[in-house]
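Per-chain numbering from 1; labels A, B, C and D assigned in written order.
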Amino acid sequence: MVKVIVNGTEVEVEEGATLLRAIQRAGYEVPTLCLFGHMYREASCRVCLVELSNGKLVPACAYPVSEGLRVLTDTPKVRRVRRTVIELILATHKTKCWECLRKGGHCLLLKLASEYGVEGIPVCAECPLYGEDCLVVRGYPCLGPITVAGCGAQCPLSGSYCIGCRGPITRKDTLREAARFYAKYGVNIKNVLSLATIFWGRLSEFNLVRSELLNSFTNYFRGGGP
Amino acid sequence: MRLSEVIEVDRVFGHVELEVVIDGDDVLTKFRVVHDPRFIELAMEGRHYLEVPYIASRICGACSIAHYLASIKAIENALGIEVSEDTEVVRDVLNSLQVIQNHLIHLTFLALPDYLGVKDINSLLSKSRDVIKLVMKLNSLILKAIKVLGGRIVNPNIPYVGGFIREISREDLNLAIKYVNESRGVFSEVLSKLRLKDLPLLKDVANNYLVLKIRNHYLSSSDEVVASDGHVFKHNEYLNYIEEVSSSWSNSKVVLYKGKPLHVGPRARVSKYLGIVKEVVSELGGIDTNNPFSNLIAKLIEIKYLLEVIPNILSDMRISKLGGGSPHKSEVLNGEGVGVIEAPRGLLIHHYVINGGRLVHANIITPTEINARHIELSARELSINLVKNNPLNISKLRSMLSFLVRTYDPCLPCAVHVSVVNGLRR
Amino acid sequence: MRSLLERCCSKCWHSTEYPCRNYVRCRLEGPLCHDDPSCREARRARIEEIKYGRYGFKIRVPLASCSIAAGAQEVYEAVVKEVKSRGIKADVGRVGCTGLCYLDPWVELHRRGYPPAIYANVRPEDVGKILSEYLSGDVSSAYALRYRTGRARGEDKVPTLDELDVWRLQVRYVSRNCGLIDPESIEEYIAYGGYRGLDRALRMSPDEVIEEIKKSGLRGRGGAGFPTWLKWRICRDQPSKEKYVIVNADEGDPGAFMNRLLAESDPHRVLEGLIIAGYAVGAAKGFIFVRAEKPLMAERLRKAVEDARKYGLLGRNILGRGFNFDVEVILSAGAFVCGEETALIAAIEGRATPRQRPPYPAVKGLWGKPTVINNVETLAHVATIMAEGWESFARYGTEKSKGTKMFCVTGAVKRTGAYEVPLGTTLRVLVEKIAGGARDGRRIKAIQIGGPSGGCIPAELMDTPIDYESLQKVGAIMGSGGIVVIDDSSCMVDVAKYFTSFVVAESCGKCFPCRVGTKILYDTLVRITEGEGSDEDLEVLQDLSEVIKYASLCALGGTAPNPVLSTLRYFRNEYEAHIRDKRCPAGVCSRLVTYYIIDSKCVGCGSCARSCPVGAVSRGSNGKYVIDSSKCIRCGQCFIVCPVGAVGKR
Amino acid sequence: MGVSTAVVSRAVITSEVTDYESFAEEVCRKYGLKRQYLIRVLQEIQARYGYLPKEALKKVSEVMKIPLTEVITVATFYHQFRLERPGKYLILVCMGTACHLRGNTQNYKFLRTYLGIRSGESTTSDGLFTVEKARCFGCCSLAPVIMVMSRDGKHKKLYGGVNPVTLRKIINYYRAMERKAS
């Protein structure tokens, strides 16, 4: 058995265990994304970085324990790095949250993003309405697909469609995908845009949103297809 | 005897100044709203009719439900959209819940300190902490009920043009009933703990008022307005009787009914429908509807009565399915309509002209705007009484006048939704 | 005796099956097992022949990649043709590269009794003239002499190598044979003292060998500077029977070629070091991991392995010590990430993606077995230390960074080349004295050290001593030893962009910070160099770089932001010039530069118009040429081709 | 790096040998079908054809029982491999640090515009020249450097100190050689 000190509390773990096991046994929590039990432990997402006593950051999921190892799981440096790593992961993640099976509370990336204040995921990721009872599917000009998540999708939860009070998503690919999603269920982009002007009318990002939605919407009808 | 006082009235929704000028025996009072206009009606113009309610509900957080429902009624009236009776009932109940919540907040935080002769809420907290706690508990219960029916405690989103977006089921209603019943018990506790002093005496110099004719139960909406002189007129004929005059010293306009100042609000409603609420009135020791200060008593009456009547209204409903389904598609895209509702502070009128599905013209008349001139008259009357026989006591004058303005419970942000600058309004 | 390595007579029984323990020592000091003056004389004559050629006249021509590129192959053929046609009695030998690249292609003529003369920048047509001059005893047109003998005319006018700064300030500890011996002849290597290190090591126990290396203070020359003895000690202590030793000859750093120079000029020294490492660690198999893009280097290493195996220095029961060790040369397809230990191992196993460490390769490396990976130069040092003793190495260097290191100084210097200097030498000595300082009259602005993982140090800090710690302090790393001198004609933002684009291309893409982060760094830098940068871009660069540094899985990502961080730290004003005044001080970032023709200088020759790819240059009414800046794509060709320098940059 | 995954093989110069499958199988057998020698196999294939033909890659994956995606991953990861048929002469522009500082980026841009290579492509329309960026050759004293290699690997020449003027001469030299040969 090996002694490891996690955030000051001592804990015993068997030889060869990973730092993550020790941290969990000490009662602390460290987020992991790419860890998949014994199938994948390559530490490529870097979300589980923790700080050793010498200031080095190591991935808890793959770093083997050694006697007397001291580790801190929540220092300012760890939080800052973790926040940026999540942002980088999000930058390459296709945010078609409205069609994702993990929406409505099962999206780990969303949990992490909201915990670390990273914005950019559509409200749909938080909205549990799926399939027929999704407001866009029912034909309402819900702004969920193009509004930044963080409100827990209060409006859709209570039945009405999102009117974008948390500000627009500015990622081009998400906006294009959203336009296709609207077109697919016959929601006219003009209504969506006019509804969006309530809160976004004055924002500089609004022209970006409008141009992206309009181009891909027209492409959709020019045979671009969903 | 010459005197000129400007009183910045505190503990009201927004900023207002009451200017009193006494020169010899003529007294002049000015009710000056210092908010700058927010051009809400202009913001609404050009919008698709489905978006207008969202803007309307954001005029003011206190009675966002009243504005939201009035806006929906105006649209439905303009486009000739019929809604079921059950929908009307649930909407009225939702509105009544917010009326209760508003009265609670106004009484405890704004008016009660005067009523109990204390300086403000902090001193009230130290003296009667348990009352405040109870009121808070009561308030949260009411808010829960509002959330069940409205979707959110402020800026509701379940009610929608033509009905409700989300299905309102039997369980929702039962849940609302449960909360209201619970809050009734708490309210009676509050009443028992409250030792209300008697109100200052004042005669209402122009005691004419307007109230929305009730459809069936108290505070239910209809499309007719009844005046104190018994005259009843359709809500879309309001322009023939009500005129908006811009006042030179205040950013808010002033409303006259047949050329005469008038007041609206709980006192007007209670005095009109005294018959319906008479048991509650007697329980609370009667009301002199001619005294402007009795507005506070009227609020208590409305709270008590509504808490008793709402559970029955909701349980009597035999609803199968209410709301849900696909969005509202109206064939008619042009029209002019008026939506009237009894907001917590009185009669609220939304008047829309819709052309091609877009709002072309909007005019909103809010209760505080209607009460503006009446407040000045009452203030003049009160200052005359105070100055006439006893020696001038400036601080007493100031506190009494502030107390008077507070009883009218003006909501200044609503009062200035359109600029007064002459010529701007077409 | 045809070759030192053959048996001198029937009494010597050495063969690969029954190797004689004293085989190596016997080559030079022999015969040891029997006393026969004729065998001793045969050896002396053979050594004489190796050094001075059969007829006492040896001609050396450098055939390493860089010299061949500069035309050495044609010079070599010209010399052979000249010698045959004029019947001159001389041996024309191929040698490695001395590291003085600016001399390439050079030729060395060495007649017994006469001073060995090195002629610089020889063209095939000059060979005849040089030969006749030297044969007539006149060395005045030589660039330098190895030493003087006093028997040739013009000797005093020509400096000896030791008098030249470029040679005098060097300590050629590991590159002593480079440019002297024939890289493809094991015999010459042994004649110049080769394999004595292996011989001595095999007489000691593996622990004593590790102790010797520990005393010498040798640290890894690949870049990280990890103590070599410690790596060996950890691997040795692993219980597993099967262990491996690998030479990391990938050398992915652009602008660094000292490993290639060593391997192409003195391959056996590297191989000897590898065998010693194998012995010390207890491995039976060694690999040489070399890039297919450097074919000559791979070929010379493979030839060295074959020769060593042929003469019993590799394979079973080496030198009769019961030590079996074999070596295989692995061709890598060329990825910068393979420089990183775990990626190199993964490359041998199939695909080069780094793995999270620990476990360190010394514990669990190639196919899960303990593996030691050392750089080419490190193993060359090992062989030399074992041959000369640890004091010969520890004598040089500073208290913490012992010994010497080879550096490739390139870029804006007069004398580009690979120089070996003791650690602790200051950058100023290396760049200004040895490499001759800035060229064509420009001013040195910065020194980029450590390749894409290194940093840029401003000229003011040129007095920083070169060792692991002090370079770290100023924000750079020693790295493999590539030093690029940047003068004021280069733009630092462009340099940072260049290195970032290199790392973006070479990132293996496994972990997010490196894959996505470096791309964002690159895009930001591109925006800045195109005049669309903004102030918070600088914060993004600074902040994101630090996160990439902390969060990346391997050393590639960990050091990728160093160029950006160091240029931000020392050359923030250039960034601000690009952002605020939309101006590139050095006139490199084409988008921010407008080209115009200076009427006073223009002679109307029209070469700019002809060279302009988009036809933006037209002939004005007054015969002078005019550039239409709307059409101009700012490629700078007119600026380059104009014979009278009439094209100005604004 | 000029390796575009859109495989466009324009066999303009037809005389080339096209026994992709058989040669690929032969090479695989030579290395005993061991997974570890995949890179060596690909190098030999590229040495023969100047690039990695699709058919050869399929054969390698089939014979060595390695998923085709894995083979493609290795083929695209390493800088040396090319999936697209190069022109008869391959011009490699060194992108080492010294060469970059001495202007090879501009030379690369000049070559592309001078030879009229369309963006996204790396071979001239007549299939004669391919221009690609290359890793550091290691002869920095001659910077800026380009290397011209014939597809069959017989001719390999390195030119130092190039600029647009000398580049134009080099191109004309090879064009002349090509005209003489045909």
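Following the convention adopted for this analysis, contacts are C-beta pairs under 8 Å (C-beta built on N, C-alpha and C of every residue); 3 or more make two chains touch, one makes a residue touch a chain.
Because the structure is a prediction, the values reported are computed rather than measured.
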Centrality ranking, top chain (CA atoms only): A
Geometric centre distance via CA averages, chain D-chain B, whole Å: 81
Whole-Å separation of chain centres (CA-atom averages), chain A against chain B: 43
Whole-Å gap separating chain A and chain D, where each centre is the average of the chain's CA atoms: 42
Centre distance in Å when chain B and chain C are each reduced to the mean of their C-alpha atoms: 86
Chain contact topology (line, ring, star, complete or other): line
Pairs of chains found to touch, sorted by chain label: A-B, A-C, C-D
Chain A-touching residues of chain B, taken from the complex the two chains share: 47-48, 50-51, 54-55, 147, 151-152, 157-158, 160, 164-167, 323, 325-327
Chain C residues within the chain A interface of the complex: 355-356, 358-359, 510-513, 515-517, 520, 543-544, 547, 550-553
In the complex, chain A residues that touch chain C: 42-46, 49, 57, 59, 62-64, 77, 80-81, 84-85, 88-89, 91-92
Chain C partner contacts - residues on chain D that touch it in the complex: 1, 35-36, 38-40, 42-43, 70, 73-74, 77-81, 95-98, 100-101, 103, 106, 109-110, 113-114, 134-143, 145, 158, 160, 163-165
Contacting residues of chain A [partner chain B, same complex]: 135, 138-140, 154-155, 158-161, 163, 191, 194-195, 198
